[in-house]
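As written, the chains take the letters A, B, C and D, and residue 1 is the first residue of each chain.
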Amino acid sequence: MPKVLLKEQKGDAPADAPFVMPAAPVALKIGYIGGGSRGWAHGLMKDLALCPWFTGEVRLYDIDYEAARLNERIGARIQSLPGTQSRWRYRAVRTLKEALAGADFVFLSIQPGPIEFMKHDLELPMKYGVYQPVGDTTGPGGLVRGLRSARIYKGFAEAVATHCPRAWVINFTNPMAICTRTLHEVFPAIKAFGCCHEVFGTQHMLGRLYAGEHGVPRPPRTDITVNVLGVNHFTWIDRAHYKGEDLLALVRTRLARPGALRFYTKAGLLKESSSVFHSMGRVTNELFHRFGILAAAGDRHLAEFVPWFLTSRTSCYRWGFRLTPYSYRIGRWRSAPRLFRRQLAGAEPIVLQRSDEEYMNQMAALAGLCTLRTNVNLPNRGQMGGIPLGPVVETNAVFSRDTVEPVVSGSLPEAVNALVHPHTVNQTLIVQGALEGDKDKAFAAFVIDPLNHRLPVDGAWKLFNEMLRATRFSFD
Amino acid sequence: MPKVLLKEQKGDAPADAPFVMPAAPVALKIGYIGGGSRGWAHGLMKDLALCPWFTGEVRLYDIDYEAARLNERIGARIQSLPGTQSRWRYRAVRTLKEALAGADFVFLSIQPGPIEFMKHDLELPMKYGVYQPVGDTTGPGGLVRGLRSARIYKGFAEAVATHCPRAWVINFTNPMAICTRTLHEVFPAIKAFGCCHEVFGTQHMLGRLYAGEHGVPRPPRTDITVNVLGVNHFTWIDRAHYKGEDLLALVRTRLARPGALRFYTKAGLLKESSSVFHSMGRVTNELFHRFGILAAAGDRHLAEFVPWFLTSRTSCYRWGFRLTPYSYRIGRWRSAPRLFRRQLAGAEPIVLQRSDEEYMNQMAALAGLCTLRTNVNLPNRGQMGGIPLGPVVETNAVFSRDTVEPVVSGSLPEAVNALVHPHTVNQTLIVQGALEGDKDKAFAAFVIDPLNHRLPVDGAWKLFNEMLRATRFSFD
Amino acid sequence: MPKVLLKEQKGDAPADAPFVMPAAPVALKIGYIGGGSRGWAHGLMKDLALCPWFTGEVRLYDIDYEAARLNERIGARIQSLPGTQSRWRYRAVRTLKEALAGADFVFLSIQPGPIEFMKHDLELPMKYGVYQPVGDTTGPGGLVRGLRSARIYKGFAEAVATHCPRAWVINFTNPMAICTRTLHEVFPAIKAFGCCHEVFGTQHMLGRLYAGEHGVPRPPRTDITVNVLGVNHFTWIDRAHYKGEDLLALVRTRLARPGALRFYTKAGLLKESSSVFHSMGRVTNELFHRFGILAAAGDRHLAEFVPWFLTSRTSCYRWGFRLTPYSYRIGRWRSAPRLFRRQLAGAEPIVLQRSDEEYMNQMAALAGLCTLRTNVNLPNRGQMGGIPLGPVVETNAVFSRDTVEPVVSGSLPEAVNALVHPHTVNQTLIVQGALEGDKDKAFAAFVIDPLNHRLPVDGAWKLFNEMLRATRFSFD
Amino acid sequence: MPKVLLKEQKGDAPADAPFVMPAAPVALKIGYIGGGSRGWAHGLMKDLALCPWFTGEVRLYDIDYEAARLNERIGARIQSLPGTQSRWRYRAVRTLKEALAGADFVFLSIQPGPIEFMKHDLELPMKYGVYQPVGDTTGPGGLVRGLRSARIYKGFAEAVATHCPRAWVINFTNPMAICTRTLHEVFPAIKAFGCCHEVFGTQHMLGRLYAGEHGVPRPPRTDITVNVLGVNHFTWIDRAHYKGEDLLALVRTRLARPGALRFYTKAGLLKESSSVFHSMGRVTNELFHRFGILAAAGDRHLAEFVPWFLTSRTSCYRWGFRLTPYSYRIGRWRSAPRLFRRQLAGAEPIVLQRSDEEYMNQMAALAGLCTLRTNVNLPNRGQMGGIPLGPVVETNAVFSRDTVEPVVSGSLPEAVNALVHPHTVNQTLIVQGALEGDKDKAFAAFVIDPLNHRLPVDGAWKLFNEMLRATRFSFD
């Protein structure tokens, strides 16, 4: 029985206290690596400000010290807002060591290499007829970005081993699986996991489906019980329930309705939304239609893991999504600091509200305040069948005091597993290729990737080398 | 953030509600099978009476209808006590079907066969020089009891499949692993697990150790985080922490103190305690000393799984425990109903207090009220390495709404796994032997069992047949 | 020591008799299924005629009885030739049962469906931009042919179970893996394996390489020791030796020479050879160059298992091979019987010589005359790592009296395994799709296949249905 | 077709040459380690002398140089006998390096430590009530001998790695599994296997059974096809055929006859035979009776792996075998050199005849002269299910030119596997215990061993230490 509920209880707590509100806020030291140049850090700052059971210090480290300084000032500003429920100190530091020493938690959220490299990740493949809506996870862009990231993450893993071996390390950088895998490969005792919100979007969708079906308000996503398995951004849900009702049956019903599998035109799609992130769920529907299981990530991500949706420059429109262009990325990148400065100057408001991210709950659980079942990215130690041990997979796990344990999540249907399996191999090949300086392994991943299946192997080799040169990656 | 804490919150609940106090108590139907003749059922009745978030009906079924009737009256009496926090109706029924139809939960807590069979389970092996302190889990007594249980549990599994296939079935009967395995073998879609409190005793011990070391009150057992793996009553803990402190290091320190590994005499032991259940932790200490890992069950249970402690009728005294005699069992069995009648007549008080059992928390989690990490008995689906898939093992699991998922618990050290492994094989052989009517398989388990290693194989065959005859078990 | 060598030896034979020449030829009954319409059967007839240690009867069954009759007459003619070393009787039969009853060996060598279906297997995909040089193993043609074959082989497996359950069944039909798998799925106790000569071609190539390097005559292929693993037509050799010399090192040296990785033009290729089966080894070289391991099948086969060589109608020329057109297939099909009749009429000679096939050696070993290590197709029982148990794989095995046992062959390099793995899944999906009437499973295989990665999933669906209609395959 | 048979054949050899008699004898260098003090080496010398296809040099190394010298002289004498078919030179050397440098084959056949240590291996356990008929494989004697052996074999493995890394190493020393495992642990690239004749005895027995049943002469053992699996001296046969007849069915029939399961008295047994090695097959019969599968080693060995036959000093008589006493061992040890000297002096004849050992066939196969299927001891790479990868198991393997490959042999029945499994764990614990200097691991093996199950754990500890002291083994 929750301690906080029954104030009168005495003596030994009953066995069932799922959330212990601490007598005083728990003091934490957080090392925040990266995040200097975009707004993601500010979401964390607001979540911290609104959380009554934690307090402490965040040390901000970025290779661009001025960006860290800017965040320091924004953090202080957020703490000064009315409505904050906790006290946090933000401090920009000049070395990784200062950020990590003594940390309880380490947040990793970086841009691997200059933002301009994303231009090459996206546009060089286009020259060869390979189109990527996102390009940060898989496909030629994701894999070459993965090589860069693995190199950088090797350094992070070594620094954690040296400065804060018992800290919990939460990765937010893409490619999620490659980054998280590198941490575990380089420092096997690391307490690291990867955290991504894509599955939550699917839970929200399932909630809306339920709400629509029953004419009730949408249930909160955390009440939508799902079994998750796959790799990050190519995750799947094979069981979903809300109050005992089978939500996949609702998906099946929806799919049977007219239009669920219709095709879009460019004009029609743009009329639906002008956002470069928008999608119609058409890819998810097609995958469910063909394989009988629910893919749990955005269509733009899903489409990159299989060869069937990105068969031409314009095929994305038919399937109801767009390629997010580099021009958008660089525009947002450049405008972000301007926005932050305006916010600091009071020219733009800072809205204090919680995000839908899971890290605050994960931290509460790791601090011993509750027990949490949620999906994370962890090396496969048996939680997912059909995939060898070692590669980072995404399944549910249970978080409790200083402990994260993957739950046994079963196996994907054999056909779907055949789609996921090569990506786990590529994860291994990219990490080993980067760490061992083995170009053949990295190129093997490149040609195994389904998006590159459009290319003859010599064309793939040319593209691979062009991308390496443009992003200044060398295997020597 | 717990919903109940922050009344002012609006709109979508935050993602982190670990315990949702329901607006009104959740109504449940419970089918209670067995428990007619001893006090275990009364503990459940009190736990139900003291739990504000449940209400409903318990249907009591026992092959001895009068015993169920007696429990019905005791249940009603408990509900009439001051201090109850919930409303429950108790109803004795005459058929298994009545108990199960529409049930949300089924409790299985039976005596497999007449209590008098325990005499044969314990005393026939003694004639052959095989001594068992408990005799209900493993060893000749446990295995023959397992044959009886598997036969009976086959009927339960079939009845659940027919009358309440979606109910959660919680087994409390020993041999725990064999009973739970039979349920899953016979009705593979069953939602059944086995529930045992032995590990809690080890958590309490670790808490006391911490308290003694630091001069603080004993922490509650649920704050002692442990990783559990093994088979029921031969479970092991390879990681134990409280507030970040490694408790196994404390065990190591304690072991190094003089006397930790001393031997006892019969007189010395009886001076320590007159209880037939008492033990000095000497077996646990020896196992830790030899294998560097903490066995997490009572010494009387542990000693039955290995051949080294029960080498003569009196060897138990040296190791600080006693053989619980049949005379004690039958005495308690006979006196229990007399006590209950006195309680009903008001000649003896009924003390309303909670037990330390886990089922109330498990039920709360399964009802969606919280998330719970605890140890249970479930078929191995990958949660435990070193053991084939299939046998029921005991590891941690996470309970959430209508879901129980084992967590990946790793593997035992190779030497300890060599001790556990044959018992998982015996589980299979006994269940298959009973269900397939295969006496050879059952006898193979008999001679694989380490306690029977004292016997030549022809002697084991004689004993086996004597026990079968005495307990009227036939493979035809 | 070979018994036959040392006539003087007495008493118990020494332990090392590797080949026992039987006192009298061993009498065999062979059921030959199919083979009615092309010359493959005649190779067997000649091999039998030239083998002094066997004699017996071959029953010829074909759904075209006249074709079987024609073979009967050719068999008799072959037996009448000078130089035959054994006596064989050929008999066309009208039912499968007559062919199988009492058989010691069953040969399966059929055309699955009318030859005209091959037109659809090859040419419908072309309409969609999917090009197949062979089209009988994998790719859209191979998979749809696989559906037909699985249906037919189900009948064979049932007939063997009924009429000759202890016979050895040797499959020669493509798709080899799907046909052999079906036999084992439908009648698990079947003694069946699949037999293919593609690896021998690689052994010959290695022999030539050695001969060229050392200026000696080419060693016989059976002296080229290789470790084989993969699936049929996508098999790999990771160790190859001749007299202790590492032959893969020679391949590496050859690859380093100028021109080894050059590209071809159509004109240049046709100048090399006018054969529609010709290839330059360029695909094999590329695969070795990229993955460091030797692919052991013809380039035309290999190119079908990966997406990189068949990226346009003409890309095959660059890679030094041609697409064998349907016109060639049907031409050869139609001319074959005319040739046979001319041979019977004496207008065309019959040349009595041995083939390079392995079946005679396999039969000798199964008859107990020798021990043979060779590559075959068998369900994976552990011989190949990295692939689940069940799918038919091609590795070495050891043949001895009435026994075929796969040898432990290890695992492919992870990258190569990622290429092979989906084809083992497709094998399962096609066999289950055909046997269970599950169109979704079959279509999953279709879109998993790398050659179909050029198609959007709706285009693949259209092609799939067109092919099914054209080849009159229904899942009902 | 065997080349040697058909002299007239021309051109490329056909694909089926199972035995190629070399044009000239193949020249070999053999390093023979140990064997200085007993007759086993002389059997090899005779086998070499009678083998026409090998010639060469044997370098004899023993820690007792004089013993090696004596063997050198005996080898020369054997070569001088009429009837030899080959030329061999024997040379005693003073260092391990001289014996190994340039060797094609290395024979390991040593006494691990002074022969007097066997007294302690056998007699100290007896003081504690633990009786061993052999004491060189398992049980307290076998395990402590294993510790000594692992230390010595570490040196052999390192020497092979240095002086002849490509040589084939054949181990004959017991404990076979521990010695062979150590070689592979210390030098993973070693080409080593273990060779034992126990299974041959079972093949002979099966041959006699067939002969008796059919009134024909006993077939040679190599024609008795068996599937072998288990660990050395605790190997099992689950399939046995001769000319298609199921020989295990004959065993079953024999068991059903009166007397097959009768018990013996000491007097009755001694009347059967005075040999200390004699046994009645009673243990084998009992195991078959209980588990339905044929144990394939002598009863004296088998009885040591399970706890049921050696329950008292005299229980062996009931089961029809004797404990071979140390007095016999030391007697034979002392008399052997005297015999050899008498043979050299011509006072005692040397009989030139072949042994029934398999090494000559294995060497012929490894030299490329034939293909051989036989049982050997190799690390489990997947050939045996139910046992982890790594431990040395005994299964069939196929020998061919410079290649030994285990064949996939399946799994033991679950109950029998439960008996074998702990011995594979003990193998690991003893090897690691010796190599890592970890006494706890070694003692874990000691108490896991079924023969020691008679002892309380503190008694086992005392015995263990007494044995270590007596055999001067230290973990420091």
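Simple rule for what comes next: a residue touches a chain if its C-beta (ideal position, glycine included) is under 8 Å from a C-beta of that chain, and two chains touch if they have at least 3 such contacts.
None of these values were measured; they are calculated from a predicted model.
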Identity of the chain that, by mean CA position, is farthest from subunit D: A
The distance between the C-alpha centres of subunit A and subunit C, rounded to whole Å, is 47
State, to the nearest whole Å, the distance from the C-alpha centre of subunit A to the C-alpha centre of subunit B. 41
Indicate the whole-number Å distance between the mean C-alpha point of subunit B and the mean C-alpha point of subunit C. 58
Among the residues of subunit A, which are close enough to touch at least two other chains? none
Which chain pairs here would you call touching? A-B, A-C, B-D, C-D
If you look only at subunit D, which of its residues touch subunit C in the complex? 1-2, 4-5, 12-19, 21, 51, 200, 218, 220-223, 225, 241, 243-244, 354, 356, 358, 360-361, 364, 368, 370-373, 381-383, 385, 396-398, 400-403, 405-410
Given the complex with subunit B, which residues does subunit D contribute to the contact? 263, 286, 290-292, 307-309, 311, 315, 318, 386, 388, 414-415, 417-419, 421-422, 425-426, 428-429, 440-441, 443-445, 447-448, 450, 453-458, 460
